[in-house]
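What follows is a group of structures, each given as structure tokens.
Each of the next two complexes has chain A plus one other chain: chain B in the first, chain C in the second.
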Partner chain A sequence: MLEIRGVSKSFGGLKALDCVDLAVGPAEISGLIGPNGAGKSSLVNVISGLLAPDGGDVRLEGRVVSGQGPERVARAGIGRTFQNLRLFPALTVLQNIEVAAQTARECRPDRAVAMDLQAEIAALGLAGAEQLDAGTLSYGDQRRVEILRALALCPDFLLLDEPAAGMNEAESAMLATAIRSIRDRHGVGLIVIDHDLHFIMGLCERIAVLDMGRKIAEGTAQEVRHDPKVIEVYLGAPA
Partner chain B sequence: MTRLLALDGWRRSVIGGLIAALPVVGVCVLVLLFAPAYVERLAYAGLVAIVVVAGLQVFTGNALIVNFGHTVWVALGAYFVAILTTPPAMKALIIPDAPWGLATLQLHPLPAVVIALFAVLALATLTGLVISRVSGIGADILTLCLQIIVHSVLIHWTDLFKGNTAFFGVPQFMTLPWALLIVTVVLVLARLFRDSPWGVQLRASSENLLAARSMGVNVARRRLAAWVLGALISATAGMMYVFFIGTISAKSFYFSYVFLTIAMLILGGMRTVSGVVVGTAIIQIGIELIRMLENGPVMLGLQLPQMFGLSGLVLGVVIVLCMVLRPSGVMGTREFDDLLRMWLARRPGRNGDRP
Partner chain C sequence: MDYALQQFLNAASFGAEYALIALGLAIVFSLMGLVNFAHGEIIAIASYAAFFLILVGIDNPAVVALVAIAASVLGAILFERVAFRPVRHAPVATGLLTAFGVSIVVQNAFLLFVSPRPRPLPVFGGLNRTVELGGLKVQLLQLLEIGVTLAAISALLVFLRRSTLGLAMRAAARDFNTVRLMGLRANRVIATAFAISGLLAGIAAVFIVARRGSIEPDMGFMPVLKAFVACVIGGFGSLGGAVLGGFVLGFVEVGILLVLPQSMGGLKDAVVFSLIALLLVARPQGILGSRVELGDKER
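== the complex of A and B ==
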């Protein structure tokens, strides 16, 4: 269980996150949506340890992991991808993945042994690209390498920050299938952020909506879609 | 999961290191067979430089932190074995007041080398614990401070290091073939580190620090490992040097040598071990040729003027041109064996071998 409890974060006078609660169970695909500047990426940065929260905490299986730096969070079993790609461009695809796999072998040896990364590479359609420099791949492929790299941590939870950005409809449909398959095979819980409502609604079992740093709604796709507050802030108030 | 590593297995790194050493071995064999004694001495100096630059590459090339302090380990390695192996009769002249009974001590070179390496290991670990925790320009400045501190100690602790004047009388037993063996081992070691899981994690941290940390990489610990290994390799270079020349002086390891070796690394390409060989060879040979010009030789019947300082000028210009035209150095991010593999794959008739 990954629990975000009353997390707040301010940048100067701007309240990026205001007492946000969120819980993701094992093998659950949870969506996080909201307009630009709603605090989605800030929340992912707090969960993954890049930002320390001003208030509240993040707990993994009951243990506080927030405020201890990203290394600890990764080692505890929370992987992430980045909205603006952060691959190691001059390393090969395999070496990119190996950076995380090494952490898994050190900190989560049982799960690392069970993970067949070669099969995961093939499942995401990157077979044959292993020895290419990651920086030379297409944008969509680089996004997939980021997911693979995070998966190589053998995490209990994965945070995907706009995984479908820059992909066309067919590609994002394939990506959704791949994400579901990762969940089914590894029992990983996921928090997926995206602008593409269609993508999120089709993929996620529960969806939380952020606006101005506050959670304004949470529920299934159906519930969220018909919530008047969501319709107002996200889709625009009816004229 | 272990199957992934096999693709970049250690055998490939060893072979890659040997391939990088191959041209060095070739040149030295030719020198041994055909060249006059003074060329042999130049070749030996080149081998020492390769080991110094390889030590520098292990840290700077993988962590992308400029190290202005690497020659500190060259100097300390040289001084430590010099103090331990020089005959007491000689020490009575050089360092009669050495502390801890060192003035009357004489060790066989082998235990002396082991003790010196352990001393460097201890000092490198201590300094590395500080430097590995600092990123960016702060770390560069710290290495600069280390250089100045240690040089100051070498110059002013006259009882132990003989200060500003040369320390002489060290037994000279090193020969070119032995140095060649050391160079080969060091190049393989540097390559093994570069390709190892730790080396890959360190290179990852140098490309994107936040992403590496978010993949659980303990960046400080990886930097420390590279720092210590680099220091040990550099110290080995110092020992090679002093056991051949028989005399050392602290100022020969100071800033002009720092810049010369950094220039070699930059020109060859700091990301690769092959770049160490290429950069060192180009600059070492280039400087010797320019030194001949400096003396005003007669060429094509023309008496050229003496041009002292020309080598420094050309060195500076070469580095400027390299930074402008090819900032990643001659080799870029490819090792010799990578290029060889790419060339073999591209040859007509061989394409069918690969899916």
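== the complex of A and C ==
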């Protein structure tokens, strides 16, 4: 269980997160949506340990992991990707993955042995690209490598920040299938952020909506779609 | 012909020494944005370790060299643990001041407990003999210096390309936070970088001591200043740049000595340091450019 409890974070005078609660169970795919600047990426930054929350905490299986630095969070079993790609561009695809896989072998050896990285690479359609420098790949492929790299941590939870950004409909449909398959095979719980509501509604069992740092709604796709506050925020967007 | 080769070896061996020291500066800078001016004291620690070994009667040059290098590795790790780790997240200027502080403390320790004056240390003097190589007379020290430096650089290259920790260090030089998000402990990566910088400085120290035949508390200052210039020439933080800059500096120095009339040889350093000034004017932000890192908004 991944629990975000009353997390707040300000940048100067700007409240990017205001007492946000969220819980994700094992093997659950949870969506996180909201307009630009709502605080979605900030929440992922807090969960993954890049930012220390001003208030509240993040717990993994009941243990506080927030405010202890990103390596602790990664070693505890939370992987993430980035909205603005953060691969190691000068390393090959395989080397990028290897940096994370090393941690998995150290911290969770049983899972690391069971993880067939070659099969995962193939499942995301990157077979043959292993020896290419990550920086030379297309954006879509880089996003997939980021997912693979995070998956190589053998995490219990994965945070995907706009994984389908820049992908066309067919590509994002394939990505949704791949994400579901990762969940099914590894029992990973996920938080998925995206602006593509069609993608999110099709993929996620539960959806939370952030606006101006506050969680304004949460529920199934059906519930969120008909929530007046959400409709107001999205101002007639096809929700 | 003989003369040209002699000058070439001269330049290359000076260049090798600067490259070794500059690499140590660069590897630490590339990871944490710290210009470690206490790097010279790591050279001094290696040299004084050799001095103490002689004092207690161990005088096998190979043993002394190995212990000296080990001492500089330990010294570098200790500097990081005691002095730099507490200020790791502080502004760049704080790290720089800390480095100067460490430098002053260590120099004064040698000054107080050993002597403010140079002390002779001829243990590596045997390296100064000339050897025949294909009919040419060359200095053993220069050959060793060039050879060992090239070997050390190659070994470092293999480490950075082949080992996972090396991969992580290469990645961390560009994006430390993402490496931490892959579960690599910042402390271990940084301690490794300091250990490597200490190793390279220790190797350089053996050659420096062999050449001067003496030690003194501030003996590390000039070499590190030169290494700093090498880093600036090559592009600060770039490992390849540090090596390149080291060799360029070596050749420029020897070249200047050849060009300047004998009576103006004393101007060599003035000319070289004018070079720093020019380069600092040309790219000021490349050296201590401030880094504000927050979340994933750092680029």
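Basically, the second predicted complex is superposed on the first by the 234 of 239 C-alpha atoms of A that agree within 3 Å, B and C clash if a C-alpha of one lies under 4 Å from a C-alpha of the other, contacts with A are read in each partner's own complex, and residues count from 1 in each chain.
The rule we apply is simple: a contact is a pair of C-beta atoms (placed from the backbone, for glycine too) under 8 Å apart; a residue touches a chain by one contact, two chains touch by 3 or more.
Since the structure is predicted, the reported quantities are computational estimates derived from the model, not experimental observations.
Visitor: For A:Ser66, using the defined touch cut-off, is the partner it touches chain B, chain C, both, or neither? Pick first, second, both or neither.
Guide: After superposing on A, A:Ser66 lies clear of both chain B and chain C.
Visitor: Tell me the contact category for A:Ser48 with respect to chain B and chain C: first, second, both or neither.
Guide: A:Ser48: touches chain B and chain C.
Visitor: For A:Asn84, decide between first (touching chain B), second (touching chain C), both and neither.
Guide: Touch status of A:Asn84: second partner only.
Visitor: For A:Ser30, using the defined touch cut-off, is the partner it touches chain B, chain C, both, or neither? Pick first, second, both or neither.
Guide: So A:Ser30 meets neither chain B nor chain C here.
Visitor: For A:Glu130, select first, second, both or neither according to whether it touches chain B, chain C, the two together, or no partner.
Guide: first
Visitor: Touching A:Met115 in the superposition: chain B (first), chain C (second), both, neither?
Guide: Touch partner of A:Met115: chain B, not chain C.
Visitor: Name the contact category of A:Gln102: first (chain B only), second (chain C only), both, or neither.
Guide: both
Visitor: In the superposed arrangement, which partner chain does A:Arg149 touch: chain B (first), chain C (second), both, or neither?
Guide: A:Arg149: touches chain B and chain C.
Visitor: Is there a shared patch on chain A that both chain B and chain C touch, and which residues make it up?
Guide: Touching chain B in the first complex and chain C in the second, residues 48-50, 69-71, 73-75, 80, 82, 86, 88-91, 95-96, 98-100, 102-104, 106-107, 149, 153 of chain A appear in both lists.
Visitor: Note which residues of chain A are touching chain C in the complex, please.
Guide: It is residues 11, 41-42, 44-45, 48-51, 69-71, 73-75, 80, 82-84, 86, 88-91, 95-96, 98-100, 102-104, 106-107, 149, 153, 161 of chain A that touch chain C.
Visitor: Enumerate the contact residues on chain C facing chain A in the complex.
Guide: 164, 167-168, 170-171, 174-175, 177-186, 294-296, 299
Visitor: For chain B, which residues count as touching chain A in their complex?
Guide: 1, 3-5, 7-8, 197-198, 200-201, 203-204, 207-208, 210-219, 271, 333, 355
Visitor: Looking at the complex, which residues from chain A come into contact with chain B?
Guide: Residues of chain A touching chain B: 48-50, 69-71, 73-75, 79-80, 82, 86-91, 94-107, 112-118, 128, 130-131, 133, 149-150, 153.
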